[in-house]
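Presented below is the structure to which this report refers.
First chain written, first letter: the chains are A, B, C and D, and each begins at residue 1.
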Amino acid sequence: MKTHTVGVIMNGVTGRMGTNQHLVRSVLAIRRQGGVRVGADLAIVPEPILVGRNADKLHELCARHGVEKCSTDLDNVLGDPAYPVYFDALSTNLRVACVRKAIAAGKHVYCEKPTATSTDEALLLYREAAAAGVKHGVVQDKLWLPGLVKLKSLLDAGFFGRILAVRGEFGYWVFDGFRQTCQRPSWNYRKEEGGSLMLDMFCHWRYVIDNLFGPIGSLVARGSIDVPRRVDERGREFDCTADDSAYGIFALDDGVTIQFNSSWCTRVRRDDLLVLQVDGTEGSAVAGLRECHVQHDSFTPKPVWDPDVEQPINFYANWEKMPNNRAFDNAFKVQWELFLAHVALDAPFRWNLLEGAKGVQLAELGLQSWRERRWVDVPPLA
Amino acid sequence: MKTHTVGVIMNGVTGRMGTNQHLVRSVLAIRRQGGVRVGADLAIVPEPILVGRNADKLHELCARHGVEKCSTDLDNVLGDPAYPVYFDALSTNLRVACVRKAIAAGKHVYCEKPTATSTDEALLLYREAAAAGVKHGVVQDKLWLPGLVKLKSLLDAGFFGRILAVRGEFGYWVFDGFRQTCQRPSWNYRKEEGGSLMLDMFCHWRYVIDNLFGPIGSLVARGSIDVPRRVDERGREFDCTADDSAYGIFALDDGVTIQFNSSWCTRVRRDDLLVLQVDGTEGSAVAGLRECHVQHDSFTPKPVWDPDVEQPINFYANWEKMPNNRAFDNAFKVQWELFLAHVALDAPFRWNLLEGAKGVQLAELGLQSWRERRWVDVPPLA
Amino acid sequence: MKTHTVGVIMNGVTGRMGTNQHLVRSVLAIRRQGGVRVGADLAIVPEPILVGRNADKLHELCARHGVEKCSTDLDNVLGDPAYPVYFDALSTNLRVACVRKAIAAGKHVYCEKPTATSTDEALLLYREAAAAGVKHGVVQDKLWLPGLVKLKSLLDAGFFGRILAVRGEFGYWVFDGFRQTCQRPSWNYRKEEGGSLMLDMFCHWRYVIDNLFGPIGSLVARGSIDVPRRVDERGREFDCTADDSAYGIFALDDGVTIQFNSSWCTRVRRDDLLVLQVDGTEGSAVAGLRECHVQHDSFTPKPVWDPDVEQPINFYANWEKMPNNRAFDNAFKVQWELFLAHVALDAPFRWNLLEGAKGVQLAELGLQSWRERRWVDVPPLA
Amino acid sequence: MKTHTVGVIMNGVTGRMGTNQHLVRSVLAIRRQGGVRVGADLAIVPEPILVGRNADKLHELCARHGVEKCSTDLDNVLGDPAYPVYFDALSTNLRVACVRKAIAAGKHVYCEKPTATSTDEALLLYREAAAAGVKHGVVQDKLWLPGLVKLKSLLDAGFFGRILAVRGEFGYWVFDGFRQTCQRPSWNYRKEEGGSLMLDMFCHWRYVIDNLFGPIGSLVARGSIDVPRRVDERGREFDCTADDSAYGIFALDDGVTIQFNSSWCTRVRRDDLLVLQVDGTEGSAVAGLRECHVQHDSFTPKPVWDPDVEQPINFYANWEKMPNNRAFDNAFKVQWELFLAHVALDAPFRWNLLEGAKGVQLAELGLQSWRERRWVDVPPLA
């Protein structure tokens, strides 16, 4: 087995998501397993260098996880040919400048979403990367959630017949911090710091919908600040300025309607924190993060409206849970492996900066629809 | 115990709903129990005469249920002072003319919804009834469904704290008639015969929302013909011209968002055919037709987003089913009893023709929003 | 991260409770975790020296748990400025003299309950500590039991509406040593050695009631020696001279009644060894040591007295178990951390020697009520 | 089989308890089964005549249940030698006068509890009956509840060894009528109409304790009006003037302590509406209305206090439910059969007017203890 080492600059992975998902469970996990196998004889091994502004934090992170190198001097590291890949998990408002530098330095770039704070900037990144001839990718982790992978397999198999409609529900109860501490970072609830549930989730829903169900033609959206006051990590009260619930109705090009709500102010009575119900002529499915239940037309009950009697049908009963016929790896890691193979061997990888720009676009259009109180069309990008 | 007999003209009760809910389970059930008790010593007993166009059907219905009188001559019956109440369950396009005749004849009128096919006509009925000084009411049965009564008791008790958002889901899978017979009448799917799920359900959602959550300020709606071809009662294929799914987002005057979908093309994976979830600062509830589950803030779980592990929380577990601390009567019958007491004793009854017109208005505005692809405001009626 | 070391004299921790709860699970556990975090950059690390009369036992304890220092010469250690904190877990009759010495030596004192064998002496300790300007605290561990923390959160959130009544049950079956060995120390059952369930538990109930429900106005109490003869640790029979069951009815200043029984002669058929039921206008809760079940008014069943039929209601069913939305640390350790922060940084700490004296007072008044067969009032201490 | 008919005057059985328990489920049920079998060849058949003030109600009751005779003229009926037995279920304040008349008329008397509103009057009834040489009895139905019969069988079998202590809990949540209708009569909550939970229940607890555990030496009691305002049967608000919760500690002559609480303001988390726990040296039992669970010393778990870990013992698990090795008849009917056999054949019957007076006495002493805030002794009656 030959190994091919690929140096990866990891910028901004001292946060919870960056550390857990990208560093520990993706890059380091790939190293632990001996790299990404590509073909019978070759494994690609990522070699990370951590970059950030706080040297103490970086050293502590390195020590804790056995990473050898770190630096606070991004420009210097970008100049080092030992690192052909640049990964960016900075907060969104800092991302564009750094990614542009990396592209300019000839690095292949992989980055978190949203790729930018505006569609124009997001497109700019795409165009510069394309012009520079570097490879590029954007994190679209939800595509590799086991539940969505199972749903995709149903779609590929034609399980649904013709798709009629899709309904998505995302969210859970995030405590406001008064009685119980809040389980999310406080900046999520401050627009001025990049918070906004619509901004956050519409980037996700764009690639989920595009990849599973097809192109979106138009949408109407509405957001709301349901909980106007919260307590932050240090126990201080603050005013919430960013929407914590977001409603969208998406009309696909082929006419299918997708209704999607997202909320941090809802108590969950459904299968999972994210649930997608797909109804088709031949059957339906309800996918969560890890599980997926199906009801084929052949075992669909026939309810009759009669509220005088107790409902004789248990509506959870006629659904079959799909088995785990294969192991599911961490969703972030799966995409990292695909990107590394793309970089090293030119394997196909379609989740690039153009796709990332589409996510920013959908969020932007959602905010516009909310503001203008009307449906807005989704123009093609590029 | 004294009894006071009230003659009731029942027009158009040969259909399934009319026969089952209004004749058998309401009027005849009230007779069987000895009338509506009002005060310690008095019972009001309705005395029905059935009116319709098909004498055979009427006689058969009378025979089957032990009703003594029927007639095919509405004008004649309206002239009979023995019948001070006129009830109308005709198809909507026939209703206005008959109700107007009844009002002109000085009858108290009670009728099914939608009261008319346009807001203007619905308002006309209200104004004529008010001018004539007769009493009037419109069927709003869902208000007395046990599940919604339980939900109302939570609202009255302040269980929710401040209400944050409401989500409604209605519908079930109505077979298209090809493989399995369709369990609804085929006219539901033909616009030219009054079909339209939005028209049908928005009339209901108007009074449900008004009575439970407060006045609606604006809405955006979209309908769809998901299943374009069905097989009717006689086995003939036909083209569906009426929407069989309808999506609405309602913004209440106080800013609360209510998202409501209705569909005859969805396979049900929830508690019941109709489900209303209410989220509030202090607790949430999910009400179905008969049951209502609550989750108070004190036993709300705190989920953390971590799709790498199997979800440790069962999201159906921390919900408590409200007990049946009292018996619940048929929802239609409850409203009939209230209307009869209103007629006989002037007991309060707020579900009148003006309220009925509001339902028609919401359906009309929903269709307009769909057509014009924008939010529309709900102007006050009067 | 800077660390600030605080020397702690631990007197009398060779017993089971002293070793397990105070040394191992509190002080040493705090050391293992790197100290008590106070603010972003500082951790307070306790440095124990064990004091006792039996040098062998002390050395063995040090060796077993990796403690470096011990001494049999209390006076000498009290003279050492390296140890600003004195902790006392001696048997009650030895406590007062030692704590007074520690106060005189200018130490901050923290001690087990009961702080003294009489209210007068307990108050003396408080007054001397206050006059000396040292910081002081008394162990009130039950306040940090997860079940009681959950109950407190309900009280703070106003879950109960107005509180109507409280019932407490404590105890379990302590074998008498004849057929099975006794699972408690034999001195518990000898008055002359400080035994008495009322003495022991009323000290606890005082702070539990004060902190959760408010000030006690008066009480009536009765104790009993239910099992008059037991077998001790060495297999010798002895006469029990101390009460092993104690009944109290407490009337709060605001009129609420709290009925509390404690017994070492009862077989447990309830949720836990200690159970507190709180009934309020809006809901009830039953808290044990770790769990807490709630029943809100909205899902309270409506029983009807009809002993002819089997009870149709399962009275354990309509209760919801509160989730563990956060991790719960050892109750003793939590209070140790608060006391150390109080010593080092003047953080608020209200569980002091005055509060400890109140516990002794309640036990004393309980014994008086039992003797005089009447209700006694609880005068304010100061 | 010979039958011996005994005429029974039933006065005041138009109320719920009187009709259901005494008339239908006792006297008429005994008639339906062919009388009370006494010996191999004889059956005693009660022949009721209903007496009351409202002729309409009496006739309706007779018609509904096939009773032949009724009368509004008590004096006249008392003069009829065909009726040797007088039964009284009037409200308490009317009872004494009527029972005295019946005694004066030479009738055997059987009556509901409380037999009078004061101990003196209750004793007077006893003395007059004794002087007149008539037979007499008082309803003490709870003694024949299946759960208490099972408990009695354990006591008789010596299951408990020496009894150590007893704890009783009675009650349930009675809604106040604001949100949900109240499930008890409103007079229960008005002292001026005879309401008082202490008055009601202490009459019961007297015979329960006397018969199961032995004579009461002294007691301390406290009552409370927990819910001060309720809504009555006709929807009118009223002030509650009678205690709705009552706490008692009873010391038996042999030193055993019995703690008993009763409340209409508690949400039930225990086996049943009434629960009696008996702890003895050899075992314990928890009896409800119909079931009884036992824990023998041999399968008593040995708990250790360690709140750091989740409780490893399920405290509901080591209890065995006693089987229904025989059928249990209605408790009221069983006592009726014993009284009829007593009247007809002089069979022993110890639940007489003296025992009834003891119940009144305990209630009176309870109220005195509450008022005077002290233990009171229970003097012998005679």
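Note that in this section contacts are C-beta pairs under 8 Å (C-beta built on N, C-alpha and C of every residue); 3 or more make two chains touch, one makes a residue touch a chain.
What you see is a predicted model, and the numbers here were worked out from it, not measured in a lab.
Contacts with subunit C and subunit D are shared by B.
Considering the contact criterion stated above, the chains in touch with subunit B and with subunit D alike are C. For the pairs A-C and B-C, the count of C-beta pairs in contact is higher at B-C.
Note on subunit A versus subunit D: their Cα superposition corresponds to a rotation of 180 degrees, in steps of 5. Between subunit A and subunit D the centroid-to-centroid distance comes to 68 Å (mean Cα coordinates, whole Å). Separating the centre of subunit A from that of subunit C, both taken as means of CA atoms, is a distance of 49 Å. Inter-chain centre distance (subunit A to subunit B, centres taken as mean C-alpha positions): 42 Å.
Between the Cα centres of subunit B and subunit C there is a gap of 59 Å. Shown for subunit C are the residues in touch with two or more other chains, namely 153, 157, 283, 297, 300-302, 325-326.
Contacts between chains form some other arrangement here, matching none of path, ring, star or all-to-all.
Chain pairs recorded as touching, per the definition above, are A-B, A-C, B-C, B-D, C-D. By the touch rule above, subunit C contacts subunit A in their complex via residues 153, 156-157, 325-326.
Contacts from subunit C toward subunit B in the complex involve residues 153-154, 157, 159, 283, 294, 296-302, 313, 318, 320-323, 325-326. Looking at the complex, you find that subunit D touches subunit B at residues 175, 179-181. In the complex of the two chains, the subunit A residues touching subunit B come out as 25, 145-146, 164-165, 167, 172-173, 175, 179-180, 183, 218, 220, 222, 224, 226-227, 245, 247, 249, 251, 255, 257, 259, 261, 263, 265-273, 277, 279, 281, 283-284, 286, 288-290, 293, 295, 297, 300-305, 307-308, 310-311, 315-316, 319, 330-331, 373-375.
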